[in-house]
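What follows is a pair of complexes built around chain A, which joins chain B in one and chain C in the other.
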Partner chain A sequence: MSFLPTGSYREGDSVLHRMDAFCKLLCTILFLAGVILSDSFPGYGLAAGCLLAVTLVSHLGPGTALRGVKRMWLFFCLILLMNTAFFETEQIWWEWWIFRFSADGFFQGLQVVLRVAMAMVLGNLLMSTTSPLELAGAMESLLYPLKLIGVPVRDVAMILGVAIQFIPTFSEEAEAIRKAQTARGARFESRKLSEKAKSVVPLVVPVFLAAFRRADELAMAMEARGYRRTKGKISKRRRHLSRRDGIGLLLCSLFGAAEIML
Partner chain B sequence: MKKLSYVKKAILTAACIALCVVLPMAFHAIPNAGNIYCPMHMPVLLCGLVCGWPFGLLCGAAGPLLSSLFTGMPSMAYLPSMIIELAAYGLTAGLVMRFVHTKRAMADLYISLIAALLAGRIVAGASRALIFASGSYSMEAWITSYFVTALPGLLIQLILLPAIAFALEKARLIPARYPRTA
Partner chain C sequence: MQAVNGKRIFFTYEDDGVSSPVLEDVSLEIQAGEFIAVLGANGSGKSTLVRLLNGLLPLEKGELKVWNLDPRQESRLWELRRLCGMVFQNPDNQFVSSIVEEDVAFGLRNYDTPEEEIPERVGRALSLVGMRGYERYSTHMLSGGQKQRVAMAGVLAMEPEILIFDEATSMLDPQGRREVLACLRQIHGMGKTIVMITHYVEEALDADRIFLMQGGKLRKSGSPREILTDRGLLAEANLIPPLAVRIYFDLKDSGILLDRCPLTKEELVEELCRLK
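Let's turn to the complex of A and B:
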């Protein structure tokens, strides 16, 4: 499937797959904080090394982990070029018309690209090694403090879980609809705005209709099986963390601390 | 068709969140369509209009987050401001739809849509000026990015969303706002 999302769950038996989903979510947040806080190239080197190690541990392979990044290469080149050509600095490599190419701009652009790429790989690893149900449970645990201000966390987690499960189905339907409309002569690539707008209607309306029809069927099935809104007190689910979860959290905390120091 | 039940609203919200991930991917196959149509805005606005403000708010907050996790877009740098903007769209669309009753479904829809599109842009501009680009964000930049550049997208949303809402109503997937009495 050409445009199936990169972060779809892939079954496996790696350490990362067996880790508790809540711990994995916390580790991802810690790791992401470390990546965002790092502002030196040794820091980025450490982050890249750690990400490579996590990718190897996940048994997904670098190709799968980097798939989303590879699709964005043009965007990354543009960011790098824009920063190199327009960054405000005194030390300039070369100046022409409105462009002021500089080393500072290049390194600034490189930092942005590295941060975004690493965040993408991290998100991809989390989604590829965690099943939607586990992820929904983890999100419920993470959102638990919001219950204090009256947010129905279990319902929110259920909605997010269902949404994650809908994504591959809707992707396939959207692709099928797009191909069908192209075969019927829809001109998506027209330069005229009016033609573009006209061409989008046969794509968007059926996608919404198909999505709402599926949602309607699922809602009816859930109501028929007695699913009701969760009211009153919700008992907090106890999580039994294993040694590997503890080690994972410890390593991510150490990584965050190292990134602050570097 | 009767009013939407809580479970149905919840599942429709899940569908709209999933569409926040899928629609931008489908639109990226069309050259420059992502910038023109703002495809992630459509499910959020529709969710607010159909399911109400709490669900619209959730859709606006969770849609960009899941899209960023699944596809890497929007990037982490733009994610917080986009969450605030889309959450404001969903919240306002639902709130205005709840309080405005002109006895004409089309008028209600347009009033809610225009109010949501304006409120979302004001909230997004305020968040950039006060938090994300504090001190370096001007009124001109706000007007240019949210009204001039996005004008085709705004017009297309104003045409497309009522069309989608009426198509869904006709397919009996959402209830009519003012059911005809026999």
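Let's turn to the complex of A and C:
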């Protein structure tokens, strides 16, 4: 037995779990659009409050919702630093060599960090409350208009669904390879950027090779179970939109409108 | 009824203009309800042979009928794949969904099974492999043996006539292997035809017949006793005989002769007791 990796579906009976996958995907897109359109801190405050409420409704707990976000702290710091040091503005805090540190840059960076972090929390909530094939089916429905111009919607949705499901597996595999390389003297913990960059190469190559091997085996297993590229739909269940789906969509639309106004 | 009938099968892999023959002049017959173990060292052509059976690889030369269907007939390929299910080596690389019941239902949905029938068939398949009650479990939470049994359920749900196990136990711990082999025996008991590829000679003891592959050829087919007690034949095929057989020959080399060559631990004990 092992622990569920980040981004895996978690069994539950919350309102979010019971919502239709297609509606949930639409709500996520609306919510995300609201977060992206917002450019004021009250707007971000509202978004954070709503995310907290959704997390509580999902019964997943903040730990699950924030999983993965914590690991990105270095990336967030880098975004914040780059924006603070390079943002083009008249009001500068301090200038040194090519760096122009400014308050505007800091707030711009903070906005980017908040947007990325909230998008990650949203993604976590969506994937933790929707099973992979339901999500793939929802993506297929969402992309359906593209079918009219010849886009292989079913394949695209299936690839996305399977890829999402394999993210935790790949991160586990990368970790195992990293440990194996460390045992053979690789220095991932080195503080020198050049050494860090060099050590990533022997990690990336085996991870990619493993991904190709897995993809090959999975494709064969899917074919052996009758998967045909040209036939059928991923999810054949008819969508029954309930009142809770309608309320979810309405609330997310209201949220989007509020974000534009703020 | 014949489950498989193949005559003079050849197969060659082409890679950058270099062709490497993998199967050469293989002829085989498998009766419905038989349990066949395919033994052979790496690169002997075992996996290629079984992948030809359910049309995962195209048949190039020779004749092949699987449950009276020709794998070369494109229009009936999907029927063939339903009739001839296949369980692969690594269970993690077979899951399309991380939820047990969704994954087991994947094949059924591909074959347009009515939605209202699916839960019952998924439940039945999971019961057969002893995984009832795990429907909503995440596959990440299962042990290796349980994962492979879920993969078996995914194939069993399609109600195949022939089940192919392509080294399905090779990545499992001893407990996982025991679980999978127990399921396999149970499925064979239901009258299904089983074709099992394995490196472990002990796993072939329960088979009705063994196909010994060597260098792309079907070197010999026969009962487990015929094949597994032939020390020279196994050595040529780069295989190690079962423990009981090895002890028999070690005793023989030391001048102690048993009445007959035992295949299992139990038979060995019986023979040794008779020595007194």
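Note that in this section the second predicted complex is superposed on the first by the 168 of 262 C-alpha atoms of A that agree within 3 Å, B and C clash if a C-alpha of one lies under 4 Å from a C-alpha of the other, contacts with A are read in each partner's own complex, and residues count from 1 in each chain.
The rule we apply is simple: contacts are C-beta pairs under 8 Å (C-beta built on N, C-alpha and C of every residue); 3 or more make two chains touch, one makes a residue touch a chain.
Since this is a predicted model, take the numbers as computed values, not measurements.
**Q** Is A:Val162 touching anything from chain B or chain C once the two structures are fitted on A? First, second, both or neither.
**A** both
**Q** Quick one: classify A:Arg115 as touching chain B (first), chain C (second), both or neither.
**A** Touch partner of A:Arg115: chain B, not chain C.
**Q** Where does A:Gly226 make contact in the superposed view: on chain B (first), on chain C (second), on both, or on neither?
**A** After superposing on A, A:Gly226 lies in contact with chain C but is clear of chain B.
**Q** Please determine whether it is chain B or chain C that touches the greater number of chain A residues.
**A** B
**Q** Given the touch rule stated above, what does A:Leu133 touch, chain B (first), chain C (second), both, or neither?
**A** In the superposition, A:Leu133 touches chain C alone.
**Q** Just to be sure I read the superposition right, which of the two partners does A:Phe107 touch: chain B = first, chain C = second, or both, or neither?
**A** In the superposed model, A:Phe107 contacts neither chain B nor chain C.
**Q** Please indicate which partner A:Leu218 is in contact with in the superposed arrangement: first for chain B, second for chain C, both, or neither.
**A** both
**Q** Thinking of the overlay built on chain A, is A:Val207 touched by chain B (first), by chain C (second), by both, or by neither?
**A** Only chain B is touched by A:Val207; chain C is not.
**Q** Is A:Trp73 contacted by the first partner chain B, the second partner chain C, both or neither?
**A** A:Trp73 contacts neither chain B nor chain C.
**Q** Chain A residues touched by both chain B and chain C?
**A** 5, 8, 162, 214, 218, 220, 222-223, 227-228
**Q** Taking the complex as given, what residues does chain B use to touch chain A?
**A** 5-8, 10-19, 21-23, 25-26, 28-31, 33, 36-37, 39, 42-43, 46, 58, 62, 66, 68-73, 75-77, 152, 155-156, 159-160, 163-164, 167-168, 171, 173-174
**Q** Residues of chain C touching chain A in their complex?
**A** It is residues 51, 54, 56, 78, 81-82, 85-86, 88, 90, 92-99, 102, 106-107, 109-112, 115, 136-138, 140-143, 154-155, 158 of chain C that touch chain A.
**Q** Enumerate the contact residues on chain A facing chain C in the complex.
**A** So the residues of chain A in touch with chain C come to 1-2, 4-5, 8-11, 131-134, 162, 165, 168-169, 214, 217-218, 220-228, 231-232, 234-237.
**Q** Which residues of chain A touch chain B in the complex?
**A** 3, 5-8, 32, 36, 68-69, 72, 112, 115-116, 119-120, 123-124, 126-127, 155-156, 158-160, 162-164, 166-167, 170-171, 174-175, 178, 188-189, 193, 196-197, 199-201, 203-205, 207-209, 211-216, 218-220, 222-223, 227-229
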